[in-house]
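Below are two complexes that have subunit A in common, paired first with subunit B and then with subunit C.
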Partner chain A sequence: MRLAKRSRARLPRGEGAGAWLAAGSVALSLLALLALLSLLAIRGLGHFWPASIALVALDDGRQLAGEQVREVPLPDGTGRERLYRIGNRDLDGTRWAWVPVSAIAAVSHPPELMVLERHRWGEAIGRLVAVESETGERLEGQAARAVLENRMTELASLRQARDTLRDEVVLPRVQALQEGGDVERELATANARLRELQAAMQAGHLTLETASGERWQVPLDQILRVRYPNAMSPLDKLVVWGEGVWRFLSEGPRAANTAGGVWPAIFGTVLMVMLMSILVTPFGVLAAIYLNEVAHQGRLTRLVRIAVRNLAGVPSIVYGVFGLGVFVYGIGGSLDEWFFDAALPSPTFGTGGLLWASLTLALLTLPVVIVATEEGLARIPDQQREGALALGATRLEMLTRVVLPMATPAMLTGVILAVARAAGEVAPLMLVGVAKLAPQVPVDADFPFLHLERKFMHLGYHIFDAAFHGGDVQAAMPLVYATALLLVLVILVLNLTAIFLRHHLSTRHGALSRR
Partner chain B sequence: MPDSLPPSPVRRRLRQGRDRLATVLVTAGGIGVIAALLAIGVFLAVEVVPLFWSGGDTQTVSPRALWSPLQAEDDLAGYRWDPTATLGTEEPARVSLLPLAWGTLEAAAWALLIAVPLALGAAAHSALFMSPRLRSRLKPTLELMEALPGVVIGFVAGLVLAPWLERHLADGLAMLVLLVPGLLLAGALWSRLPPRLQQALPLGWAGLWLLPWLLLVLAVALWLSPWLEAWAFGGDLRQWLEVRLGLDLAVRNAIIVGMAMGFAVMPSVYSLAEDALSGVPRSLSEGAQALGASRWQTLWRVVLPAASPGVFAAVMIGAGRAVGETMIVLMASGNAALMTWNPLDGLRSLAATIAIELPEAGPDGLHYRLLLLAALLLFLFTFLVNTLAELVRTRLTRRYRRLGGVA
Partner chain C sequence: MSFVQDLSSSPDSAALIDFSPEASSLAIRGLSLAYGDKPALRDLTLRIPRHRVTAFIGPSGCGKSTLLRVFNRLHDLNDEVVRTGEVRLEGEEIHGPAVAVAELRRRVGMVFQAPNPFPMSIHDNVAFGLRLQGGLSKRKQDDIIEWALRSAALWDEVKDRLRASAWSLSGGQQQRLVIARTLAVGPEVLLLDEPASALDPISTLKIEELIRNLKTHLTLVLVTHNMQQAARVSDYTAFLQDGELVEYGPTDTLFTNPRLRRTENYITGRMA
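So, the complex of A and B:
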């Protein structure tokens, strides 16, 4: 009795300080994760929103037009300053302007301000003064806008025609010509047609008045798109935003990876990961079956198992070094000597490429697949195996008809985890075949269709390259955010699939092992 | 129905033959795959040997050049890494791996300093206090965090966090200083709440409802920081650091690397430590609580000692990951091969050096072999650390089985 009383008197009222610090670390980790994801989402998706263009009048009478990017305190703490993206890089030498807030007299958003997206030099911002056609005909005001719009649609269809002609007629003919085919006449007509199209595109220019009052002529064929963001309704902006996202996903990069889309990088990432999973699945499953079902379960097997598990923790860059030394220099070098003698000294397989990258990543993710499959195999109750053998099945039949079907979800989990890991790895790829800019996608219409020796682009490396090697990092940042968001989304979806499968698996086998 | 007939001897032989063939194939394939995996270590070791010992004319490097300081009159004395400028020239080779090893370990140490308290705190909370429903959601979430690619974390650290912290050093410091008191204040306030409110905000869900509180604490820290800077550091923290402590600030420095890599390493440490803590047989913690211990006392005196090998293994695996992480260090560290104690200076790690220099170093040169030696060091370190962790973990599972008895 006394004991019970004393302990009740001493029962602690709270948990003390430690419990709160522990709870706080959960909250802090979640906060960091949320902050990272929302940063990527807001900056990445916000980039495609057509922001309003502000016309800023300064105290000293100068004017500038641009999109406000951010506002920060001045270094000396006496006020704040704003960063405007004013475009017109070929005119002013820069596309950014820092303006102290105290120097701003007035800010307005006139609806006639125009943003031109161009092939080179980024965007141009100003007022439309006139459009001149190839015949010297000059139109001003509203008429100019209508003409410009027509001309843009025309140009888009001309560009389309040119690209189709080049890809489907000219390039295959050139290839055929090099291989000794007799297609010179066809090629000549196609080239003539191409020149016609080019000439049709080159005609005309527009006159732009910048915010500072300069008049400036821009050739029409340099212009990709025309927008009047201040005159747009939110719905229009949403449409433009959707188009921007689509172009980001479907176009190639422009202007040294600081503009345009990431389609080749998406393609390269997906292709490389697919090749990797084709390579890693059979070998991983084979090794797991050997370790769990065939090998004598002795000390050596246990050691090998631990070693394989540990290889999952070996840094990815070490796999990259192995890939470079063995696959690229070793096997690739020998292949070049045997089969591509004519092309030497320029290497064919003796340099980084799609095949070597996939092989390296397959090796890197092999332990993941082996461990996951083995876990699935170990979870299958022995009664199932014994039952199958007792009914007269051979070991092969027992494996293929009973054990492997039950372990399929575990294998899938392993492969998906491997894919998620491979999609995010960049360091080994830098050694074995990723390229800053690969003009040719590794798949095309030429035999053998899949070019394993070519270099490829990768989303992760694209982030690294655009963020650290570009000329104007400031300009590339929004695109890097968008690419990072895309990569994270892809990996999250893959991992969620793996988690779902694992959950499914554990409920299924939970039911099985109960007696 | 052929299956109902007794099998003919030919067919039985065929089946058995197929079975034997498959077994042989699986064995050969399995051994082959495992051998290919294990060949990594062998390859690295074999390629590194000619660096130190060669039978013929190829150049070698003495082991002393790698680990001892350069004797020189000018400011090049000390440990230097500059192979591209010195290999193959008349100058003495500046190829000491020490600054790189130093950078690697420094980055890993800062990462662990940030990751381990966070991860262990989170693991303790979710193993003992958290409501099971929240836990079943939170654990996969934090495991997803583990899958975030290093290149994304490195980009955010190097191009967003680093410039921000350079401008707002005092804000960052104020946040760090106020974090712990803010959490303790939350606990103190909670225990004074009326019981109805306490039930509405249970400790089991504290991981979620502390989020707005943390935001509030961070906002207060931002608001207080100019005052703190004026009061403690004479108005300018950077100048104060430079004058008083002689520390100059690089934009991308060891602290940034530590924060980013801590963020990256934390989920794997958390996941393993949580497994170890929640794997402790329930009879132990229930017994302790029945004897009147609070849950925190149970954790500290009973669960943690029982699970300590598992927690140790988790930290080791975290260390292995931090040492080998490439992209985060490459993007957030500035890559200057320095050996200083100043956490606000840049660093250069072994892994980042390999990633930068190996594509330019042609095959079979001295530079190439030096970088392979760096890779071998990384391989050996992580392999040993992981083996240690794995051995400890298997022993722990056996111990749990014994402690848990038949149940």
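So, the complex of A and C:
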């Protein structure tokens, strides 16, 4: 905004080169940002598009079916090779195949090729041969397709019934039992029902013929979704893409973070940042008020101010170590000894958790809030303070009624900067409470609803984990891009909220910015 | 006993005039003040008459603003300030232990050089002091606000937009709003620190007219750099230089027939 305003007041003649240089750097920064976002968007969001499945016939008579991922020149420069994602990892030991282009005899896209999304082992690709029920009933051809579709709908509702039963009946009972409640009979009934549902889901399997001609039986309850990508219209694909994106946003991760969604990580990131803001704002604002309004402006105050400014430059991992030593082991350990000794030796607060992570990040961003608020306070003319005092206001009344309202936009600027810094921070979190996998979000229906001692997932750490610790980095990469895009968007939304709030507050008095 | 005592016959006194304690609103005796080790006021003694306009004139840094700020204890904020001597408001020492400083500032209002309305609506600006006191009904409060804006000759210009931001007013209107805001809390003394120096000539005339109207029920003390302004609006004028009271007397006498050379040089613009 500011740059746009400046460019309106043109540089004087003779400084053309300077103007071009300045405009060039702006353009370069914008381009870099745009390139970053589009890389993340294309690589990340493209993953959810149901690509066509190619049936590739090789010169030597072998066949394979899969989605073409990319084509690169061969290292020896004699031609090019293609990477296909062929799935069927449990059958072939890999889900990728490199094929030299020169070895390909023919490529076709037969519409009957089927992609199965499975609970484990990734997708399976092949032709549907038959569907067999538990009783040995065998259906082939078009009838098999129809019965498979029905069975999928049925399975989806069974799964939902099972999850509801588990979350709403069984888990609370188990907890009640641990706390000494008399619910054993209820629990037994619920467990029996759970087993029934489980058994109902296990009925039947389908036979798949892979491209290489192998026949293979896949249990139906392992299958999450069935698609025939080559037979889909672009509109169908768009719907599937939308569903895929939605599942990514709303579901928990599967298969060691290399598949599934990131909902717990989104939730954890936002919740942690909000808690951090709630913790850091009052402390930062009070410290700034003390430094700027109350303290005697002597050498000591100047020294404190310099120290605060320097704290902003301390590497974040140092704060992580501090949080681990003081919050987790020190305060958390003591809390456990005093209040949770029944649970010892397993720690309650004496291990990383949401509260300690928020506190550590609050500490990390405290200087930012203090400095921004202090600058806001220093900008308020002394005449405003004297005007209030001359009307018979006490110093407290002057602060709360005149100075603080005028400094609110500056405080919010501080909070915006703090949020921007905290939401992207990963290193200290690894020490004080982030978890690789914590499908239970820290907010639920059990008292006290917000579980500050729980570990939580974080988008930044999720990226790190999926990119470097998964078994199949190739498969996790699109999810890493998508998660990175999401992290940027979450920070953007958090910032926009704070900016909107600041704008709303500063325009309450119309001409306030005239001065 | 007369209220006004003519001192022109005693040559050793700086003052041409003195007021009896009954006729004066503020009485200053032996007042000295220093910022750290830098003296700003040296042993001032004078009385300021009730329901009159008294002007302080003098070169920059002569201590006239400092003196004004003593009257409502704005120097309390600065811990470097060292002060001796007494200042009595209606006979009561304003630095006494029993005096609540907030209450004193309500009795001695102050208007500053640059208009300083708060970033609130026009209405809320005038209501600010009233709300600090509390205990007023909404209706009573609105009545006082209207009265204060009328007294400051601003009512007709803002009555239709009381909810608009005070910062949308012109400089002259803002200064009158600040005066209205001060009047609303019901002061006995109104201190004006160069109230028109940041305003255009027409706004200045309005403020001067306002000052003349207000002296029917207020004691006004005016600091100004503008000799004509002092001559136009004040009844008595005090000339200060280097923190000392040089000459104090009826405005007419001081401007037409100053007793001391220093005063004459200053008012005729022959200052070094």
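Going forward, the second predicted complex is superposed on the first by the 456 of 515 C-alpha atoms of A that agree within 3 Å, B and C clash if a C-alpha of one lies under 4 Å from a C-alpha of the other, contacts with A are read in each partner's own complex, and residues count from 1 in each chain.
Following the convention adopted for this analysis, contacts are C-beta pairs under 8 Å (C-beta built on N, C-alpha and C of every residue); 3 or more make two chains touch, one makes a residue touch a chain.
Quantities reported herein were computed from a predicted structural model and do not represent experimental measurements.
S.K.: Given the touch rule stated above, what does A:394 touch, subunit B (first), subunit C (second), both, or neither?
M.R.: both
S.K.: Please work out whether A:278 is in contact with subunit B alone, subunit C alone, both, or neither, and reply first, second, both or neither.
M.R.: Once the two structures are laid over each other on A, A:278 reaches no partner at all.
S.K.: Report for A:402: first if it touches subunit B alone, second if subunit C alone, otherwise both or neither.
M.R.: In the superposed model, A:402 contacts subunit C only, not subunit B.
S.K.: Touch check for A:188: first (subunit B), second (subunit C), both, or neither?
M.R.: In the superposition, A:188 contacts neither subunit B nor subunit C.
S.K.: Of the two partners subunit B and subunit C, indicate the one touching more residues belonging to subunit A.
M.R.: Comparing subunit B with subunit C, the partner touching more subunit A residues is B.
S.K.: Does the superposition put A:199 against subunit B (first), subunit C (second), both, or neither?
M.R.: neither
S.K.: Who does A:296 touch here: subunit B (first), subunit C (second), both, or neither?
M.R.: second
S.K.: Which parts of subunit A are in contact with subunit B and also with subunit C?
M.R.: Common to the two interfaces on subunit A: residues 394, 397.
S.K.: Where on subunit A is subunit C touching in the complex?
M.R.: Contact set of subunit A toward subunit C: 296, 381, 383-384, 386-394, 397, 401-402, 405-406, 509-512, 514-515.
S.K.: Would you pull the subunit B residues touching subunit A in the complex into a rising list?
M.R.: 15-16, 18-19, 22-23, 26-27, 29-31, 33-34, 36-40, 43-44, 47, 117-122, 124-126, 129-130, 138, 140-145, 147-156, 158-160, 167, 179-180, 183-184, 186-187, 190-191, 203, 206-208, 210-211, 213-215, 263, 266-267, 270, 291-292, 294-297, 299-300, 317, 320-321, 323-327, 330-331, 351, 354-355, 358-359, 363, 371-372, 375, 378-379, 382-383, 385-387, 390-391, 394
S.K.: If we count contacts the way the header does, which residues on subunit A are in touch with subunit B in the complex?
M.R.: Going through subunit A, the ones touching subunit B are 7, 10-34, 36, 39-40, 72, 75, 283-284, 286-287, 289-291, 293-295, 304, 306-311, 313-322, 324-326, 329, 333, 363, 366-367, 370, 394-397, 399, 420-421, 423-427, 430-431, 460-461, 463-464, 467-468, 473, 477, 480, 484, 487-488, 491-492, 495-496, 499.
S.K.: What does subunit C use to touch subunit A in their complex?
M.R.: Listed in rising order, the residues of subunit C that touch subunit A are 72, 74, 77, 79, 102-103, 105-106, 109-110, 112, 114, 116-121, 128-129, 132-133, 164-165, 167-168, 178, 181-182, 185.
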